[in-house]
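Here come two complexes built around subunit A, the first alongside subunit B, the second alongside subunit C.
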Partner chain A sequence: MSAIAEPPSSIHAPVPDSAVGQIASRAMIDASTRLPVLLFFGAALFWLLAGSLFGFVASWKLHSPLFLADWSWLTFGRIRSAHLNAMAYGWASQAAIGVGIWLMARLCRAPLKSAPVLMIATGLWNLGVAIGISGILAGDSQSIEWLEFPAYATPLLFLAYGLIAIWAVIMFASRQVGHVYVSQWYLLAAFFWFPWLYGTANILIQGIGVNGVALGAVNWWFGHNVLGLWFTPIGLAAAYYFIPKVIGRPVHSYYLSALGFWSLALFYSWNGMHHLIGGPFPVWLVTASIVASIMMTIPVVTTAINHHMTMRGHFHMLGLSPTLRFVVFGAMSYTVVSLQGVSMAFRSWNKLTHFTHYTVAHAHLGLYAFFTMIMFGSMYYIVPRLTQCEWRSPRLIKLHFWLSAYGIIAMFGVLSIAGLAQGAWLNDPQIEFIKTVQVTIPYLMARSLSGVALTGAHFIFAIHFGLMLLRLGRTGPEPTYFENKRHDGGAVEGGQ
Partner chain B sequence: MNSMPRLFVGIFVVFIFAWVGLVATPYLQLGNMQPEVDPDTGAQLPPVPSGLAAHGSKVYASMGCVYCHSQQVRPEEAGADLARGWGARRTVPRDYIREKPVYLGTMRTGPDLTNIGARQPSANWHYQHLYNPQMVRGSIMPPFRFLFENRKIVGEPSPEALEIPGVAVVPGYEIVPTQDARALVAYLLSLNRNYSLKEAPVD
Partner chain C sequence: MSAIYLLILGSMVLLGATAVLGLFWAARNGQFRDMKRGARVIFDEEEPVGMPTDVVFKKREPRRRKAAAHP
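Take a look at the complex of A and B:
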């Protein structure tokens, strides 16, 4: 960690300049990313809508099992996997790639080259996701959580991702000399980690043919690292960029940023086996992951302090900037979901929550309240800079935010309660098993309703995005804020 | 951290470190485990599944059963699995050496199936239950009617024709399991890990 010994650069904030020439070059850099980034965003939103519908069908089936029961391709076990994969690989990954590309170009202060390569990657990626999801619905799922895509779909994704990773390295190498901002560490790491993870897991499973409980270890090493080493770093890269950017002040501490990054890399990568507590595994293996999970407190608290101190005195701006509101909601959720994850790794608490909807609630808090909300916020910032018009309606943005925020809080709440009830009764052998099913049903119904709210939010956002693509946004000197005024003499930098 | 090689070495090293710990080491420790052979009879434990059961395992994967049913019995201190009668002993790595994929599961919307073949040994019950899971009152398991054929009786009725409690069959028609249903039931009946292993004896 010699890096920490390095003196903190005076340049903490991303692109802190204000000179006219630099604004012009920034506009040029933004313009160079237009096609690939909008393609990734558009495709991501398509899968977000598809994944929402899959999720709704799966959720409804869980309390009404006769719903759409006569088609094998819609059976719960398939539509649930279609939902997860559409969200993870269709929506979240492509939103991550789009935001990642844009951030990379901006932070390297160099226009994006080889846009066609990235667009080929979009095509390959979406072909892979479409084939993979069709394969699951047709019955070819590998039945390994997070790795359901059949063997004939995964090489397409790997190839697409390979192109993106190579592009990222070339982009990074061609950056303008100067300080490397914290977001860039996260981006570079994530762009490397994901293809390694995905390639290694698929080669081990399909090529080498790992079987038995060793396959379970590969499964959860991958499954947890998709969150820890792919979605989380991209989400944090965006939070580290947009929070200082919108409020117009530097990140609180360089040292905390570095500590947060390296401790996350070191500990998160060891987390996966906490999904196997109590299972048929050597004790050392599960214990190693429990220890690493508890150590996650360090990067999480570090990052939380860093973001909080950056925001201090500027919380009123949450009422103004859509980007800030979504991103800060996401960053706060990151703290909550991570500390909850730490608690769930303790054997005592895990005994109650394992095998229940509590874990499902936790997963949605991570992938939605943290990651997806940060992606929404980032897209609210990026898209106007690519389409040259501003978001049409602050009302639609507000509606999107509240449906998403209340929807996910409700989903998390009802699933958590359902899971705790289910877990408590599962652990009591005097209680008939079917009671552990019955107790969850009212909560599962409420979850379906919360899913309707989220789906509504997604359609609103997709329509708003569509209007932007058609250049039907507002034209005007100012970006779209929640309130039509600027605070404190123009402290909002978002409009540049 | 302004130098790319240094940054790269760092992110590479942490990745490999965890990979060695969580992937390579368990694979070396557990990946080549052999079945236990009875010195007198030469029988292998865990037993080799029949071809039909092996096909049924694929149907189990295809239908996504693992998303609601686990196949692991935890020791007494880790949960009520044993007390619920889900197994005679906890399961150990050797129980799974023939399995790919391995259906350990992370969710118990439905009961654990580690030993379902021992707990519910009737093939007929499984057929009826797959066709109409709501024969268990309050169950939210989806029906798998599409694994059965509702066909007109031509000549003699099939000996495999099912009687499904609570389901009226149209006169002149019969409900028979498809090959997939037969395989799936053969697989479920093969799920019995109550045999005694050296590292996990059944008292």
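Take a look at the complex of A and C:
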């Protein structure tokens, strides 16, 4: 801490000694997270590309079943699960961990502690994902959605995550600010709940070996809560940090943000059984989950109002900041996907949409338009602060944004329409089953094309990220914020 | 069937209970005492309120157009 205690001489406004001396500077904290965060980001991007290719193959097979039909390990049942798991555990979870580590250190106002623990966790996690996906492709899938990894891969993931959870506790204990910011509540919750969910589900399924009705319950309790208690809190933690931070304005209502967090924390774990509407399952449990789903409008609406009111008067900033573009797109999608999710929990609507592509559209809206877009935005903010250089090309960032945005909107649109057509016909006993399949084919072709746009966006981003790792980013006197700081002799120097 | 009750007790209820414990800790710790200051902990002298921190797309067309409109 002493290295940055002296305020730089050329800075315009003198910084009071007390503020700089007591707590480590922001740049120094950022620098301390460099290695683990970049490792998680790099690995996440690798799986994003792999997952995109898996997704493409799976999507293409839906309208052209003879495509790559000669390889057993590329059959739809395997490649589709490989896509889901590469995206959920390879990409989304590792991006979440990277963003979580960086935010945690910043919000604790303390340099990163126990970095080696995190490096071991990265290694174990990626080993687990690689073994798991190889297992799925080899035909060892568990056939339980979201938990397809074979039993020999899951302990590695659990161990890796356990290390991260312990790290989060150590880090939280070393915090230098008394107040726990709303983002930090979300982070702590996510770091604590995910191992709980993952451990419980795997012990019940692999250890105790539940089956039948109980297996369905465990499956969807996990499958839904992993979204709501792992991805959602990390996404919202990032949104609650980056929106105010980028526009330079505190959250509109801190009361609402507290209400949003605590209502999510108290009620979310009752969600999940509404995935089993109409199934051979205790009706009271399904009803309890439907009620919990409807309760979720409280955190969703409070968060939506809060983010909108924070942004009010600052929407022009969307034209200046890549981070803000991605994060606001994600935050808006969060509102849409959550309210759509509530509607899908109603029995009447579920009867039409269940077992159709409508559900697939909903899943992509959640994990991509909401979560992945917020992760992209966060990475655009974090990476330059770790590599000490600017993104090479603002044009590539724009291309990435528009390919991703149009791609996911198109995918959501065509899959939703396909799903509704499919659902309406499935409910009509006069219509032959094959027609309910044929009606979706043009939409599925359009979906494959939207997937190509998304895959293109991912490759662009990965190349851009690679250039940053090689320190080939811009360092010229461009008028970006980061450069201004460097030339002011500001805190950036403290990082090296 | 017993596994369902185990799940409900062990996870749905206990998971909510951890949130209740957290809420109690936060209230007793005074986390809700000064909400206005709480919202500002992410700002400081180095990056104060009112300072945007991610202006990557500046110097682009909108600016040039403005310059052309008011020579």
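In the analysis below, the second predicted complex is superposed on the first by the 450 of 496 C-alpha atoms of A that agree within 3 Å, B and C clash if a C-alpha of one lies under 4 Å from a C-alpha of the other, contacts with A are read in each partner's own complex, and residues count from 1 in each chain.
The rule we apply is simple: contacts are C-beta pairs under 8 Å (C-beta built on N, C-alpha and C of every residue); 3 or more make two chains touch, one makes a residue touch a chain.
Keep in mind that what you see is a predicted model, and the values were worked out from it rather than measured.
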When subunit B and subunit C are modelled together on subunit A, clash or fit: clash
Residue contacts with subunit A in the superposition, subunit B compared against subunit C: B
Which of subunit B and subunit C A:Thr475 touches, first, second, both or neither: neither
Partner chain in contact with A:Trp196 - subunit B first, subunit C second, else both or neither: both
Partner chain(s) touched by A:Trp270 [first = subunit B, second = subunit C, both, neither]: both
A:Gly248 touches, of subunit B and subunit C: first, second, both or neither? second
Partner chain(s) touched by A:Lys61 [first = subunit B, second = subunit C, both, neither]: first
Which of subunit B and subunit C A:Leu204 touches, first, second, both or neither: both
Subunit B versus subunit C as contact partner of A:Leu324, first or second or both or neither: second
Touching partner for A:Ser25 - first (subunit B), second (subunit C), both, neither: second
Subunit B versus subunit C as contact partner of A:Ala258, first or second or both or neither: both
Residues of subunit A at both interfaces, subunit B in one complex, subunit C in the other: 179-180, 185, 188-189, 192-193, 196, 200, 204, 210, 213-214, 217-218, 221, 229, 258, 262, 265-266, 269-270, 282, 285
Subunit A - residues contacting subunit C, complex: 13, 15-16, 19-20, 25-26, 107, 177, 179-182, 185, 188-189, 192-193, 196-197, 200, 204, 208, 210, 213-214, 217-218, 221, 229, 241, 244-251, 254-255, 257-258, 262, 265-267, 269-270, 282, 285, 317, 319-324, 380-381, 390-391, 394, 397-398, 478-481, 490-491
Subunit B partner contacts - residues on subunit A that touch it in the complex: 2-3, 6, 61-63, 65-66, 69-72, 75-78, 80-81, 139-145, 172-173, 178-180, 185, 188-189, 192-193, 196, 200, 204, 209-219, 221, 225, 229, 258, 262, 265-266, 269-270, 272-273, 275-282, 285, 288-289, 347, 351, 354-356, 359-360, 422, 426-429, 433-434, 436-438, 441
Subunit C residues within the subunit A interface of the complex: 1, 3-4, 6-8, 10-12, 15-16, 18-20, 22-23, 26, 31-32, 35-60, 62
Touching residues (chain side subunit B, partner subunit A) in the complex: 1-2, 4, 6-8, 10-12, 14-15, 17-19, 21-23, 25-27, 29-31, 33, 60-68, 70, 72, 74-75, 78-80, 83-84, 90-93, 95-111, 133-134, 136-147
